[in-house]
Every structure is written in C-alpha cells, then in structure tokens.
Amino acid sequence: MFRIRFHGRGGQGMKTASRILGTAFFLEGYEVQDAPRYGAERRGAPIFAYIRADRKPINERGIIAGPDLVVVADDSLVPLPAAGVLQGIREPTVILLKSCESGATWRQRLNIKNPIVTLPETGEAEDSAELRYIGAACAGAAAGVLGIISRESLAQAIQEELGRLGEAVLAKNRANALASFDAIKKSAAVNVTEGGSIPAQPYKRPAWIDLPFEDARISAPVIHAGLTSVEVRTGLWRTMAPVIDYSLCRGCWWVCSTFCPDGVISVRDNQPVIDYDHCKGCLVCVAQCPSHAIAAVPEKEEQARKKAVAGEAS
Amino acid sequence: MSRRLLTGNGSAAWGARLARVDYIPAFPITPQTEIIETIAEWIDRGKMTGRMVTMESEHAMITAAGAASATGVRVFSATSSQGLLYAMEMIYSVAGWRTPLVLVNVSRGISAPITLEPDHNDVLAARDSGFLQIHCSTCQEVLDTTLMAYRLAEDERVRLPVIVNQDGFYLSFTREPVEIPDSRPAAEFVGDYNPENMGFRASSPSSQAVAVLGAGAYSYFRYETHLAAREALSVYEEVAREYRERFGRYHPIVETYRTEDAEYAFVMMDSFATKAKDGVDRLRESGVKIGLVRPRLLRPFPEEQLCRALAGMKGAAVIDQNLSMGKGGVLYTEIASALYGQNEAAPLLASFIGGLGGRDISAEEFYEIAATLQKAVKHNRAPRPRLLYTVEELRAMRKLQAIAHVERHGSKPGE
Amino acid sequence: MAGKTIRRLQELPSTHLLGTGTPMCAGCGGLEILHEIYDILGPKTVFTNAAGCMSLLSVYPYTPFRGSWLYTAMASAPAAAQGIRDALDILLEKKRIPPGDDLQVITLTGDGSAYGMGLSATSAAMDRNLDFIYLCYDNEGYGNTGQQYSSATPHAALTATSRTSHGYPGYKKDLFSIWAAHRPAYVATVIGAEPLDLAQKVEALQELQGPRLLIGLAPCPTGWGFDPSLTVKIGRLAVETGIWPLKEYRDDRTVHTRIVRHRKPVEEYLQLQDRFRHLFEPERNNREIALIQARIDQYWSKAIDADT
C-alpha cells in the first residue's frame, strides 16, 4: 500500500492536492482513501492531507503514521515541530519538497539519509492569488515521483477535481501540475516503495496506563489563568512579514497598532513594535500605514536578514 | 422536625429550601411546575432566600444553572420529560463543566405520542450524560435525597451534577406523610457550599468549559468525569450513613426488601417498586420466597451491590418502566451486564416492560410475573420479554382505532 | 464609570489587553473588533461564548483573556450571562465575595447564533432586563463551518450553500431593529475599521445598565474571499458606501453616528470580494448591482429623515 502525506498551510490547497492524486490513483485502477485533516486552525496555519492507495481494498484508516512519501508544499514547515512533516518517516520514505534549495542541502540540514526531491519554488508564497495553484503542482510532482501514474490520468484527475472552477482556473492548474510532473520525471531518480503492515508478531506493546482518578479541581476543563495563549507562536503562520522602516514612521495615532486584528503591534518609546512571534502576516498594517512606512517582505528573506544581523552581532 | 402530608413536588421544594439553595433558574412543565410555584411563593413571602429566575426554555434554564454553579453558588432546578430532552445538549455540557447542581426530574413519558403520565424514558435519556441519578420511591425519599444530593454533588471527590428522580403523578401529585427535618440540622448536614477553585472573580480569572484539540485531552477529561462518577458510590454511602445518624432514615444505594432467604426477586426502580413490595408480601404469604431489589442509584451504576443483592437467587424479574426501541428494557440490559461474568451462577433473568405512560401494574400481574419466573427457572429457560398489556387494553385500543378510521385505507387492525 | 475619555483617534489605546496567539484567521475582522473592545472593557470581565469561530479563542490550555470565559453552546450564551450575573449578585449580596471581585458579563457570539439559534435567548435576556453586554461579530455566514449562508448573509453573496451564480437569494435580517424593538438600554452597530466610533460607543454603553448590545460587521478574508490585508479597507468601504450604517439606539431613539454625505457606489465594496465577483464577471450584472444600490439609497433616505 502507498501511504502519502501532504503538508502545507491552510489556503495552499493541500486538500485539493490529495484529491487530485487520489483520483489519479483511482483512474489507474487503485483502491484509494484520501482525506484532509481539519484542525481548528486557519489560513496560514500548518495543515495536512493524506492518501492511501492499494491494489486490494483498504482497511487501514485515519492519520498516516508511517508514510512512504511526504509532500511538502512549503519548506518553511519542515523545521516546525507543530507541522509534524517528518513524523513517522522511515529510511526509504521519500520527501518531496517545494524548495529552492537542493535535496542534498536539506539532507544535511535535517541530518537524515532519506531521498529528498525538490521542486523549485516559483514565488507563489509571496502572491496570495497564486497560492491556490500550489496544490495541483504538488499533486503533479507527487504523481511524477511515484512513477505509476500516467500523464493522462493526472490530467483527467485535475479535470474531475477542478472542472467546476471554470476553464481558466482549470487550465492554469493543469499546466502547473503537468509541468511539475514532467520536471520531476526528468530529474528525479528515486523510488517510492510501498510500505507493509505492522506485523502482529513481534510488536511493540502499547504502554497503557490506568488513568488515575483526579478530582475536579484538577480534571475539569478549566484554565486557571489569563493570557496563556501567548505561548502559541502564531508567527509561524506567516509567509510574508511586515517590516517597519522607522525613518518613514511618523508616529501617527498608531493606525497599525489599532487595526492589527491580533493586537501584535504595541507602541514602545513612541515607536510601533511588531511582535513577530505572533504576527500572522495578514499585512493589514502594510495596507493601512498612512506614511507607507511598513513594507511586506517575504518571510524567508526576512529570516535570512535577521540571521545575518545576528551573525554580525556575534 | 415535623411530619405532615406532602406531595413529591412539595418534598422536592422542601429539599431545595432546606439545602438553602442560592439560585433557582426555572421553566414550567407538567408535572413539575408545582415545585417552582412552591419555591416562588416561599421566596415572595420571605420564607426562603434564594433567587429564582424563570428562563425562556429548559435549554436556557440548564445553561443558567450551570453558569451560576460555575460562578460559585448553590443551584437547584427541576424539569420533566420534554423539558429534559430540550435541555439535553446542556445536560451533557454542564456535567462536563463539573458543576455540582441538583436537578429534580419528575418522570413523564416522552413524545410521540405525547402523554402526561409517567415512565422513565425521559430520565434514561440523560443516563450517559455525567449527571448522577438517584431514583426515589416515596415522597420522603424525594426530600431526603434532595438534601443528600447536594452533599454528593459538592463533595470534592465527585463534583458532578445530580438528578433526583421521582415519578410524575404517582409521587409528584400524591400526598404522603413526610418528615421534614428542622432547618438547622438540615443546614448543618448540607453545609455551606464551597466552590473550591471554581468561579469567576476579578481577582482570579478562569476560562471554563474550554475546547480541546486532540483526543488525548478529550479522553482525559471525559474519563476523569467517569472516574468521579465511580467515586460517587463510596461517597454516597458515607453521606447516606451520616444522614441516618442525623435523621434516622437510611436510603441505601440498592434497597433490598425481604431478600435474605429469597429465591426470586423483582427488580424495579422508582415509585412502582412499592407496589412490588406489596406483591412480595402477598407472595410470601402464599409460600413463594421472593423479595425486591431496587437500585436507587442508576448512575453511578452499582454493579457490586446489585450482584450481592441477587447472589444465590434462582431467578429475577426485571420490570422496566421504559423501552429502548429495538432492544427492550434498559434496566434489564444493565442488570444482565452486571451479572454476566460473575463467578457465582447468576440468577435467570426475565424481562418485563410495564408502566409505560403510567400504565398501572396490578397485583395479579406481579403474581403472574412471579409464576412465569418460577416456571422459567424450573425449565431453565428465560422467557421472551413480555409487555404487560391485556386483552381488554387491546380491545379498548381497537375501539379507538375504529373511531380513528384506521381501516379507511384497506387494512383492518388485528387481521 | 470613567466617563468619556476617548475623543480623538490619538486617544485610542496603543497597548492591547487581549492576548496574542489565538487561532483566528489572519486578518480576522471579528478579532479586530474584539481586541478594540477588550482594550476598553478590560480584564474585569467574563465572556459567555456561543458556538462559532470564537469558540476557539480558548482551547485548553490556552486563553487570550486576562479575565474570564465560559463556553456554552450555540443557542444559550445569553442564558449563561444570566446565570453568572445572578450568581455574582448573590455572592455580592451575601458578602461571599468582595465588591472588587465583581465582573462585567459579556456574551460573545457570531451572527449564526445572534441572528438565528440564539435569538430567543437574547430576546428573553432583554425581557428580563439582564445587565449584560452582548457582542455579535457578524461575518455574514456560518464562518466556522466554512461560510454557509445564515440569516445575516447579504443578498447575492456566494456562500458554501448558495454557490450558484445568483448567490444568496434572501436579504440580511435587520437584527438591529429586532433588538431595538425590545427597548433595551443600548444597541449599536460598530466596525473595527472605525475604531473611534467603536470606542465611543463602548464607553457610552459602560455608563448604562441593563441589556447593551453591539453588532460588529466582521470582514472575513476566508469567508468573503479577499486578501487579509484588505480587512480594514473593506470595513471602511462598508461604511462609506452605506451598506453598514453606524448607528445607536438609546432612550427610544435611533441615531446614525456616521452620516456619509457622498456615499461611494456600493460596487466599490462588492467588487473587492470573491463572494460578489459573479456580479462583475464574466459580465456585469447591472440589474443586481442596481438593486443592491437602490436598497441602500432607500435605507438612507428614510434614515436621514428619521434622524433629523
């Protein structure tokens, strides 16, 4: 059975990707399961979807613990523990990354030996209108890596999944998917191997515990404090970062601070300061700043710049 | 202490009054309404200090009850049948909030078809909610149990809401002699409400009943609620003993009547069980060694006490005043689950459905049930579940159907 | 009460009380309203919340509130406000808590609850003259489940349950008037994009007692289909085109707090949102656009007469 997991951010079309690939498998005569995993988190937050495909009926269900192929639409998710991109990977698990950097670089960075295939980025993350096409490109690349899905099945699957969106959207998705499919076919020499089932003998015994009785002072669903949400680093959702040019900031009536939906801009020493741990990158501040002192910068560039500044400092 | 004639509803109101409840969100429904009317009058006349608010529905009523309890006051409320069902979303919710309020349910059959008469499908719909359930068979029990329910609910080892159940009409509107404890010893028994770390205060913020992400957290909260409900068995026993010491009346987890040497038993809940006691007395006179086993606590479910009560018996007839569609009697199913897998040979179980929509159970029917049970034991073969329903009842039903012209479209009933 | 302190934009709070790290979408117009309001109401508050997007503000063990919160259910958040208000009054009366531990009780729901399932509970809370504040963040659909239409959905909007090229055939329910018909202490409409108007209304309602209700239009990037950076722009256009009148009801009288002399054509507001794109593409639907415009014009011609 093939077990494939798609990782991306809300809004990048991972559900679409899993459906396209699922349909393509189906058209190739496979039994298929595909499903998105909905969490409570929203656009920009890490999400995933998954597919199982087999020649026999599939009894396994739920989240894929041990994937054969992991597809990542946004390489900024890889280092995030919350995204769980590398969860359950085995030695032969193939990782398909949308990234400007090479597989070798990533292998070194992550200190893993897995085959890593990269699909060059084309700047979609910076253009929210392009975001919705990432899914199809990922599905195309995944089909290419798998090597068992024909170009025709892929095109047909896209037609079935996206046909209702109109010819223009369909064409754009089809072109993206097929281009990724061809590019990967040409470059990648990896094999995705089907994983087996977990054997009944020997097996790892679950470490069950008798849940101890705890009275309601402890075991009621109550948070006995305020403001604990600051421990959630929603800054990880960001693909674009607002950056203040203090030479242009006129210290108005703090438009940015008032309008920021998340309240992450405070005013200190008469200057607005952005809390990047929590800024989700909506860019309302960029759009509203009366003196145009806030620019939208791709998160990656901003990360690199900060790293460089930190390097200089040390 | 005074002894006077009191209805079940009056007894419930007295229970709330003696427990010195702070807050009573209310909504009228037959046959419960008299409880809130009584309390309203007491408050108006200054005999009771609580605050009562009539809400716009039972759903809102239980929401307000849970919210007030979560804020840290002692809460009482009452409902019945359709009202309990309308509130059901919040019945489950406030149990999950771990709010120790007490709700008196006056059992009444569930629609459709709608009826005002009692059976237990209403309260059993709340069986899995996290509310503890105590079922009463006399007006005295209603009063005593309401007081004890606060001790049980508010015990730090439990902290769960409790439903005190009484049958509509058979108790709610029926006067019986009831001993009313004096207010001071009652107050001493119940004690002041200590909300522990629960509440909303400017000085100590809390977010209650929050969502969870992930099955690990969900399982933890749900299972802890279950464990707390299990703790309630031993806590209840403590409370019941203390009540006996103070007031001389003992209401055990499972009441047994003439079971010491019994070979057979009726198993029943709520007020119809006193009819079974009469049946037991008459059958004993005719030489049948039979007794009555009556669980007062349905949640937590007292497996051990029930198994002990039925141990060594040849047969037990479970008479359910409820019906799980497509399955049968709920108590029968639960008793069977308790007995199955015990080391000792379990008694043969026979299932009877009786008292639906307040349908009476006659003395002769108890005798016939006993006879059926004895025959079944003799042949070592459980009888098919039996609805207590007579030829005359069906004949009367046919008359109604004739008036309703049910044959108009070609099919005639009974053919 | 403190009395009016915010007269100018410059006097709006620039440090914020609501915690960061919530799971609301980037650019959420509802969260913008909430954080602006919370800056003024502060932590001596307890929120009773109904099912909706903001159910997820407090997810164990995280809460953005400095004060308190109780999650209830979709239909009965105002009933929980009743329970808490009454319980606090009892505790104060019986001196079981010091006066300083008192809280303002605020019900927080989306439009799905406010306009629909929770309307009966709200109506009854007003009947009982409950001393509470109600904030409805109105994103014009069942947002938390993926933007199906609710009775707050505007005419012609595409939603997950009105996907055809005509959009939602009904018209947005006039909740302001329904609420005001109960003659509560205060009703107002607000929007995050007009923070001064919002702040002044919140300050005004703090001086009153009884039911005080706010409906905040919450531009929703996810549900309405626009780039999250446009939340404020769209909010402001909602006011400037007159489709979201800012007004308040008190003392038996409704007054518009912002009368735009030269209203912008509504299409400026509509065309920025995917949910109305079908009115412009593939070809302009002049009839529908004119219909929407006419209803706005009609509203304002009546409103200005009534105000003056």
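Note that the chains are named A, B and C in the order they appear, and that numbering of residues resets to 1 at the start of each chain.
Note that in this section a residue touches a chain if its C-beta (ideal position, glycine included) is under 8 Å from a C-beta of that chain, and two chains touch if they have at least 3 such contacts.
All values reported here derive from a predicted model rather than from experimental measurement.
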- Task: Could you see whether A-B or A-C has the larger number of C-beta contact pairs?
- Result: A-C
- So which chain ends up closest to the centre of the protein, judged by Cα positions averaged per chain? C
- In angstrom, rounded to a whole number, how far apart do the mean CA points of subunit B and subunit C lie? 43
- Inter-chain centre distance, subunit A versus subunit B - centres from mean C-alpha coordinates, in Å: 52
- Query: Can you give the whole-Å distance between the Cα centres of subunit A and subunit C?
  - Reply: 32
- Note on the structure: Residue numbers in subunit C touching two or more further chains are 43, 56, 58-60, 63, 65-67
- Message: Residues of subunit A that contact two or more other chains, please.
- Response: 40, 221, 223, 225-226
- At which residue positions does subunit B touch at least two other chains? 205-213
- Query: Which residues, counting only subunit B, touch subunit A once they are in their complex?
  - Reply: 96-98, 156-160, 196-198, 204-213, 220-221, 223-225, 227-228, 230-231
- Item | subunit C-touching residues of subunit A, taken from the complex the two chains share | 40-45, 128, 221, 223, 225-234, 237, 253-254, 257-264, 266-267, 275, 277-278, 280-284, 286-288, 296
- Query: Taking the complex as given, what residues does subunit C use to touch subunit A?
  - Reply: 8-10, 12, 14-29, 31-32, 35-36, 43, 56-67, 192-193, 195, 221-222, 227-233
- The residues of subunit A that touch subunit B in their complex are 39-40, 211, 213-217, 219-226
- Item | Contacting residues of subunit B [partner subunit C, same complex] | 22-23, 25, 51, 53, 55-57, 59-61, 63-73, 89-90, 93, 200-203, 205-213, 217
